Amino acid sequence: MDITFIGLGRMGLAMAENLLKAGHRVTVYNRSPKKAETLAAQGAVVAPTPAAAVDHAEIVVTMLADDKALDGICFGPEGIITRLPKGTLHVSCSTISVTMADRLSAAHADAGHDFVSAPVFGRPEAAAAGNLFIVAAGARAALEKAQTVFSAIGQKSFIVSEEPRAANLVKLSGNFLIASVIESLGEAMALVEKGGIDKKAYLEILTSTLFNAPVYKTYGGLIADQKFDPAGFAAPLGQKDVRLTLEAGELLGVPLPIASLLRDRFLRLIAQGGENLDWSAIGALPAKDAGLK
Amino acid sequence: MDITFIGLGRMGLAMAENLLKAGHRVTVYNRSPKKAETLAAQGAVVAPTPAAAVDHAEIVVTMLADDKALDGICFGPEGIITRLPKGTLHVSCSTISVTMADRLSAAHADAGHDFVSAPVFGRPEAAAAGNLFIVAAGARAALEKAQTVFSAIGQKSFIVSEEPRAANLVKLSGNFLIASVIESLGEAMALVEKGGIDKKAYLEILTSTLFNAPVYKTYGGLIADQKFDPAGFAAPLGQKDVRLTLEAGELLGVPLPIASLLRDRFLRLIAQGGENLDWSAIGALPAKDAGLK
Amino acid sequence: MDITFIGLGRMGLAMAENLLKAGHRVTVYNRSPKKAETLAAQGAVVAPTPAAAVDHAEIVVTMLADDKALDGICFGPEGIITRLPKGTLHVSCSTISVTMADRLSAAHADAGHDFVSAPVFGRPEAAAAGNLFIVAAGARAALEKAQTVFSAIGQKSFIVSEEPRAANLVKLSGNFLIASVIESLGEAMALVEKGGIDKKAYLEILTSTLFNAPVYKTYGGLIADQKFDPAGFAAPLGQKDVRLTLEAGELLGVPLPIASLLRDRFLRLIAQGGENLDWSAIGALPAKDAGLK
Amino acid sequence: MDITFIGLGRMGLAMAENLLKAGHRVTVYNRSPKKAETLAAQGAVVAPTPAAAVDHAEIVVTMLADDKALDGICFGPEGIITRLPKGTLHVSCSTISVTMADRLSAAHADAGHDFVSAPVFGRPEAAAAGNLFIVAAGARAALEKAQTVFSAIGQKSFIVSEEPRAANLVKLSGNFLIASVIESLGEAMALVEKGGIDKKAYLEILTSTLFNAPVYKTYGGLIADQKFDPAGFAAPLGQKDVRLTLEAGELLGVPLPIASLLRDRFLRLIAQGGENLDWSAIGALPAKDAGLK
């Protein structure tokens, strides 16, 4: 199939590569063209502008950093929404706001396109291995067509609603839950460390009993090792997702006290110089507040 | 071996039963003797007082509701500490404060007894199946002797320190982490529910991906079904454990903001009439605050 | 002087009236023209559109509900920024975001106007009595010209910076401090009430000793009497100001944990049906959480 | 009158001095006798033990650091409760727990003494000037007799209940409100400082308008000047009072989210080395979290 992929960050690059491997004709666009070179070597067509990238597309996949980046690609006179042929499907994999999902839904409906919101769970290694989890929402026919993309990039997809925004809400709430795990693990590990217990032995107990889940192993390990650099997912992205979760809470009228706490943690981490660290670095703040190290 | 078991609540009853099944000579004591009847039918000796229960014991296991109950059994002129033969081992499985663990350590050392702190993870069903996880701390020889008990009641034991209090700290922090999961799931589920997403489908996504752990399945299910009655672990016990966690944090100088939030949740739940509900009922407060139902 | 006043809510109406009383030629505009009638009777000219209202103005004063309302008046092809004669002074008294203040500063500078940000402290009764406190920021000459307005509407003005946004930051932080007083008083009064102490006697002690300030008297009285209807300042306005405070905190990199708590309080109050109540109604939530009444 | 004063810290010393100045026969006791010397020079009798100090007392006033110190003085075989003549009045001015007030009430009633709980508001300078505010509770006759003390040490006394514990609850809630002011001022001042506004000018605006109260002036000034050493009221005392407030909340079933936040602030301040600072030093933590200085 003719698939256009826009946004070649660490995640997007790996996803586009898996679309190539699956045998699709892939056209790519990235603001900084350097990132596209390795894909060109694998057979991708590199387009000079977003508009040029989508001329022949049956499906356009976007994987961008935030609302603003996606807005720049989609809207305005050079935006892809004015360029996409009728009937094209846009699969938005970025972690964006519920409000942005609503704007895209409306604009694509007006223009006669299909639209699926399909944010993904997984860090770059999972993207490289084609092991992402995909949470998708949209009209049934559009979702069926999107399966072509999903099967190439992920291990499993979940359909949550006909309303695209619902997928973004699930994704945001999922990242909120991960950040909650980071914070609560950070608190628990500060407590046991100050009580003279070895942090790794402690983590081993947790993850071989009730907390036997990838998220506890991954983030518990990062906190125990204080290994926040290089960032797999940088602190400002974590801050953004917590902000979007809080915005969704405000839109829907849902108080979220742990999300509020996380907001303050990320603001502090970044204000104190941690903007290049992994988002799990907020998990080291409880130990700092306990006067450790 | 001659084992005395004191405290026959839902957990203790199942644990004592597993000691009988393992072939030990078991003497039991419970404040309300009614609870001991089913054990008597299985061959246990029922003692009329704690002092009488421990006369011939090689090992005494206690599983009581809180510090106060354990204090009543152990200390004072009729307390078991004055009655235990030298060289006896006391295995304390109750979830008690770090301070209480220190008091017991000192008193048993003075009296020439061995002491192991060995709180357990698991709800009553796990206790019945002999599937508890045991976190143990104490002197090496005492821990070796305690294995007789551990192998009868649990699926796995973890040794964390030579200082008994460390096991209690791990247990408290573990319950704190579970309560954190309940609160964060409660917030996330209120958010997606108000966003029109089915709570059970949402939980299915979480628990088949990053949150594939027993604790998310168990408590997510209870919150999704609003099934808080009858209580597997009642709200006042949850409140107590959060209080003991905060006390440990104060003793050790560790701020614990999520534990502080949980404290206020439990106080509210109980003040508003929920004292007989399962502790996971705090997970319904975010939905209430969002004006749901 | 020729002064145009835009925005005739409870506050704006009183402020415009005081400008008339001070002898100025006042032109007014309000989206719903009904509100302007009583001013017409006192000699004000009622303009049919914002653009028509500002044709001859030496000073334009705006007092609108939020960023969006002010945006509608100022920007766009019919906005007053394209219509104001060069050299005109815009005095913005609305409680708006720091970001909006920055946008207005830039747009007026481009268009050759003077701009002063001058939010006010005081409830409608203070506005009627000409007793507002004004916090103002802008270029020196502009501030001098603005004194004409300040002396008519307020008892005192404070100059905080040459950068207009600074005045908005002070105003937002002030409302945040008031809301903090409401919340903390609410908690303290729930505690003493449940302890059997008369709330009014308690408030009398506070306000005749260390807390001898208008804000404790006013809001303490409202909470003690549970008198939240009619609203002097409605809950959604309080929510908005806390949101703008948090946004300013995010922009400047300042975690604000009490503001985060207040955010959740307002969301809850409104989600549970309190959107028409006075913002001090969040002060009744602690009593509710304590199971009172 | 024969008045015995026990506890000669910075506050107690000044209070005892004012009792001497009022013409009473004053006997004093302090654990470290050095503190009593200046009072001896003014005519006080210095007793070698608490028991010896109360032999002839008509009124005993205690002003001790905490529950534990008061427990040591009052209870046990050498405690004053077994030594006080029947009919003697004990006026407890210490800031103690509600639970301790209840224990004292019961013990004095059993022994045939009068008991008044009468904690005071004011820093050492106010104690020296006889300007304390006194919050008192107890039986009517006892309160009347206690006026002798109150008129010597304070500018005003408030009767809140016949139950002594009520006075302690008011005192604790008052200190909680002061700490809330410190925290909220700390947050607001971090915000405006990072926004380029002068902190002292900002404080001047606040305290000449809505926040025209001693508590804002005193603590705002300390925060603006970062003047936390020497301590007027040390951080561990602030921590203690917040803990007692939270304990009272737990006893009465009242969630107190701002008190929970304050708890974590004090724990952090002390864990990070601030145990000798004034309690207002928690007001500098928001600036630290914002990356200032």
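Labels A, B, C and D are assigned to the chains in the order they are written; within every chain, residues are numbered from 1.
Assume contacts are C-beta pairs under 8 Å (C-beta built on N, C-alpha and C of every residue); 3 or more make two chains touch, one makes a residue touch a chain.
A quick note: this is a predicted structure, and the numbers were derived from the prediction, not measured.
For the pair subunit A and subunit D, chains touching both partners: B, C. Chain centre most remote from that of subunit C: B (centre = mean of CA atoms).
The chain pair with the larger count of C-beta pairs in contact, out of C-D and B-C, is C-D.
With centres defined as mean CA coordinates, subunit D is found 38 Å away from subunit C.
For the pair subunit B and subunit C, the distance between C-alpha centroids works out to 53 Å. Residue numbers of subunit C whose C-beta contacts span two or more other chains: 249, 253-257, 261, 264, 267-268, 271, 289-291.
Because contacts link each chain to all the remaining chains, their graph is best described as complete.
Only residues 243, 246, 249-250, 253-257, 260-261, 263-265, 267-268, 270-271 of subunit C touch subunit A when the two sit together in their complex. By the touch criterion given at the top, residues 264, 267-268, 271-273, 289-291 of subunit D touch subunit A in their complex.
In the complex of the two chains, the subunit A residues touching subunit B come out as 98, 121, 133, 135, 156, 158, 160-161, 163, 165-166, 169-170, 173-174, 176-178, 180-181, 183-185, 187-188, 190-192, 194-197, 201-202, 204-206, 208-216, 245, 248-249, 252-259, 261, 286, 289-291.
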